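Chain lettering (A, B and C) follows the sequence in which the chains are written, and residue indices restart at 1 in each chain.
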Amino acid sequence: MRGRSGLRRGGRALLIALILVWSAFPVYWALNTSMTTLNGAQSVPAHFVPSPFTAHNYGTLLNQTGGGVGNQFWRSFLNATIESGLATVLTVAIALFAAYAFARLEFRGKRIILVAVLATLLLPVYATLIPLYRIMSSVHLVNTYLGIILVYTSGFLPLAIWIMYNYFASVPRELEEAAFVDGATPVVALWRVMIPVSGPGIAATSIIVFLMGWAQFIFPLVLSSDLATQPVTVMVAALYGQRIVPFTLLNAIGVLAAALPGVIALVLNRYIVQGVMAGSIK
Amino acid sequence: MTTKEADMTPTSLHSKGRRAAPVLLALVVLAALALVVAACGSSSSSPSATASGSPGVLPSPTPGSSITVVYHYPAPPKSVLDQFTAQTGVKVNWVEIGWDNLQTKIAAAAMSNTYFADLTDVDWSKVGQYYKTKWFTPLNPYFDAAALKADMPQIDTFASNGQQLALPFDSSFTVTTLNTKIAKAAGVTGTPATLTDYTNALNKIMAKGTVPNPLDIPFAAAEGLSTYWYQLTAAYGGQVLDASYTPQFISPGSAGYKALEWMVNAYKSGLVPKANIGMADYQAFTSDMAQGRVASVFSDYAGTVGSIYDVPSSSKVVGQVQYIPTPGVSGPAPNLANPDGIGIPATAKNVAGALAFIKWFTDTQQQAIWAGLNGASDVISGFPLPARVSSLQLLAQGNKVSGASELMTLLKTSRAEFPGPGAPPWYSQFSNAVYTNVHQAAAGAETVQQAVSNIATEVDQLKASQ
Amino acid sequence: MSGERTQTGRKRPRRRGRFLPYILLSPLVLFIGALALYPTIVTTVQAFFTVDPVNPPTRFAGLANFRALIHNPFVRQSAVNTALYIVVGVGLSTLFGLVIALVLQRRSRWRGVVLALVVLPWALPGVVEAVIWGWIYDATFGVLNSVLKSTGLIGSYHVWIGIGRVVSIVLIELVQVWQVTPLAALLILAALQSIPQEIYEAARVDGAGSWEKFRRITLPLVRPGLAVAMVESLILSLNVFDQVYVLNGFAPGGASIMLQTYQISFNNLNFGQGYALSLLATFATMLLSLLILAVVYRRVEF
């Protein structure tokens, strides 16, 4: 009996090790490549620790003087933060009201609106790219933060609403009943009761939406014209597209572009987990 | 958890409402539509370029205005761009976007009639398309292409049906590069002058094992593979399409057929590294040729010796690679032109500023500076070669660019892939058929015969659809 | 438990705010209406037009775009490829997700660390993933070759992408699986955690072994989670683009439907056909989603 459970424990440990390698190794490999020279990276067989070690690639990227890669990189980093951040605020604000209406109020057309909103998740990117661009162009929002934020918001709302809706649905109704007895309107109940108890749900939605914003590529590629609004993903693709940028430098750029979402995932993952779990249909 | 589940079932969403909701939804959507349509109506009309004036006389730009250049090359050094601003009062905002993504942007912007740049890339392969789509402002009123032709031999690459849609941003043509150190080590003496010599030399290098796979062909299904085939077809003394775009590669004796056969055999016999099946052009050059893993690229791009192979930080073969006259059937073969162009999108806002910039950017002195006349601090990183013969002359005098005088001769004799009519409007579909079928033939998924007839069928359909 | 049955206490707010729900929803409806539904309507309409700036003007074409697509051998081949992407993507991400969820379900010291690292791939931008994996698969310097060679599994370095169609597609799709597996794992984990322990206890008393318990209890009860995870993965793999484009270019051996859509629209400038193809892809997504839900999804009540 003991032998068998020992075997089982060993098997489990092996499985956990495999899962960790599968999840983390590609990221480690990018780090490893980014911290060596081109010759080091091109050694056969591959070195599993940077050899020779160099921080030169990061030096190039962090050097903000002049019009070099570093300068462009930081601006695009800032752009991505602003665009994802503000889109998150807007998305969550709209989603709170809408999710509350879906979760707590009865009204005609509830189901059809919710289904229509969620159905937009099925649309392929290239189906809406050009018409969307035309709309943004006609209201003069191409190459503006606002234009990108509006497009992001429209894209992220369905998921945000779904997560918040399920979260609200899990809040016991008794909490609001007390407020209603005191004569509160639904909006007051939402503000005084639902939002305070939904902190983790709001955090989860915000983090997930922010990460989605950070990962966007094709929409900002088309909607931004220059460094005034280009996020970091577009920058990475521009350097990748040159084809003469060494792979070591490319990996360094990749690591920096992935750093913020990576740290968020590592530190705040319990919110992401909660958000996804709340959003899962039963 | 259990109560939560019941609440989450979609069934709880069934509302009793039947009619009002769809009506309301429709109303809101309609309101949004109305808003959008109203906004569309007021969309800016594209500024019409002042088409008057004789060639060479440009409208004067407004001092204090600015232009946006969106291009797939990194920005020139700020100090050099500042000189343009000092001369004209026009500020330059340079945005770099990778080539493929830039093409997406150009199409998306044009389809939405939206401004995104005052100047951008005009690829030689898209000239036929742009002639039909009218996405670029013809430059005929401002620049006299016929007069510039002698100094800018590749200028007609950007003309279609008499319309000059761009000026050359640089010049580029396919050349053959050879790693002379590897060749010598394998006992190859002299420069191979004919295709037979060249093939024998490669086989000799392979047999000696100096490098196991001596020839670079980028077999990834991408534009660079099509280019390679065109160049090799030229070396076999032919052309893939004639002036009326009729396929010239169907019979086994034709140049195009032989060229394709040669490429596929080179891959199958091991002359080309197996990994090349997934490599695009620059990727192959930087990871094979620059690393000394192959000895030659038959259809390389002019300027790679200076911009890649002789750059110590990215190359292990500094000083070893030379341009050689492209081996043909019985002697040097023509070199095919594939330069980048710079043109003014129809939606540009500052046409006068853009014209001034084109004039300045393509000037003899400036073109030489981009390639290194004033030293490395003033170059555009990765810039292939100046568009002008006179610029190359300046560089040759100063001994600034590897092989400048050889390149000058090659530039003068380079020719467009589609001389006369320019690239067909369906070039994209054609090239797609070419690179996919060549790739498939090399990967062993189809025979050379099948590849050739697939491409020809595609051409027939494309011509019929116009 | 659902809305209709617990209305008694809510009559007041409901009567007072007849229009309140619509006011609360108006920003949402405006956003979705203007920036998602309207573009979709435009696309749907234009799919029946010749929208080709090389061949103007824009004119009604009936079903011509769809007919052209069906007769286009590249489109047909990419449809077959996409089917393979879907099978690999949905299959592997569900399998890996289930395994990871089962491991994560057990409380242990390592759970926090494992969870953090498992979520990581999902958080990274796709563009970055393409850079990372392209380098891993590199035929000349890639670590995949290096590891396989040093462990003796291959004799010499292989070209992974571009030669064999199935191998190429599996490896390209693996990048997407890497990204979507965390989501699948969490969705399945949510379903796992909602299974009451008493059921397992009862089974244990009846003398059921681990495998028996997994097969008879876990698997049936986790079906809602599996279904959602599979739909998520289906949507992604049916629309696979970036990974294919970066790793394999337009090679027909790996081209996906979305790659063809891009090629037809932005390279050939035949936007009408491009819209038609993305419309077909949307329909395929809907149909296959419904199919998965019909086959896999079962309502579970405890």
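Simple rule for what comes next: contacts are C-beta pairs under 8 Å (C-beta built on N, C-alpha and C of every residue); 3 or more make two chains touch, one makes a residue touch a chain.
All of these numbers come straight from a predicted model, not from anything done at the bench.
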Open item on the list: Please identify the chain with the largest separation between its CA centroid and the CA centroid of subunit C.
Closed with: B
TODO: Identify the chain pair with more contacting C-beta pairs: A-B or A-C.
DONE: A-C
- [ ] Could you tell me the distance, in whole angstrom, between the mean C-alpha positions of subunit A and subunit B?
- [x] 34
Open item on the list: Measuring centre to centre with CA averages, how many angstrom lie between subunit A and subunit C?
Closed with: 16
Task: Shared-contact residues (touching 2 or more other chains) in subunit B - done: 5, 7, 9, 12, 16, 24-25, 36, 104, 108, 111, 280
Open item on the list: Two or more other chains touching the same residue: where does that happen in subunit C?
Closed with: 3-4, 22, 29, 34, 37-38, 140-141, 157, 193-194, 262, 265, 271, 300
TODO: Give me the residues of subunit A that touch two or more other chains.
DONE: 42, 106-107, 110, 113, 116, 130, 135, 237, 240, 281-282
Task: subunit C residues within the subunit A interface of the complex - done: 3-4, 6-7, 9-10, 12-14, 16-17, 20-22, 24-25, 27-29, 31-32, 34-40, 42-43, 96, 99-100, 103, 106, 110, 113-133, 135-136, 138, 140-143, 146-147, 149-150, 157, 178, 182-183, 186-187, 189-191, 193-194, 224-225, 227-228, 235, 239, 241-242, 246, 258, 261-262, 265, 271, 274-275, 278-279, 281-282, 285-286, 289, 300
TODO: Would you mind writing out the residues of subunit B in touch with subunit C in their complex?
DONE: 1-3, 5-7, 9, 11-12, 16, 24-25, 28-29, 31-33, 35-36, 103-104, 107-108, 110-111, 129, 132-133, 135, 219-222, 273-275, 277-280, 287, 293, 425-426, 428-429, 432, 435-436, 439-440, 443, 445, 465-466
Task: In the complex, subunit B residues that touch subunit A - done: 4-5, 7-10, 12-22, 24-25, 36, 39-40, 42-43, 68, 70, 72, 74-75, 77-78, 93, 95-101, 104-105, 108-109, 111-117, 280-283, 286, 291, 307-308, 313-314, 316, 382
Task: subunit C partner contacts - residues on subunit A that touch it in the complex - done: 12, 15-16, 19-20, 22-24, 26-27, 29-30, 33, 41-46, 94-95, 97-98, 100-101, 104-107, 110, 113, 116-117, 120-128, 130-132, 135, 150-151, 153-155, 157-158, 161, 173, 177, 180-181, 184-187, 189, 211, 214-217, 232-233, 236-237, 240, 247, 250-251, 253-254, 257-258, 261-262, 264-267, 269-270, 272-273, 276-277, 280-282
Open item on the list: Could you list, by residue number, the parts of subunit C that touch subunit B in their complex?
Closed with: 1-4, 22, 26, 29-30, 33-34, 37-38, 53-56, 74, 139-141, 157, 159-163, 165, 193-194, 196, 247-253, 262-263, 265-269, 271, 299-302
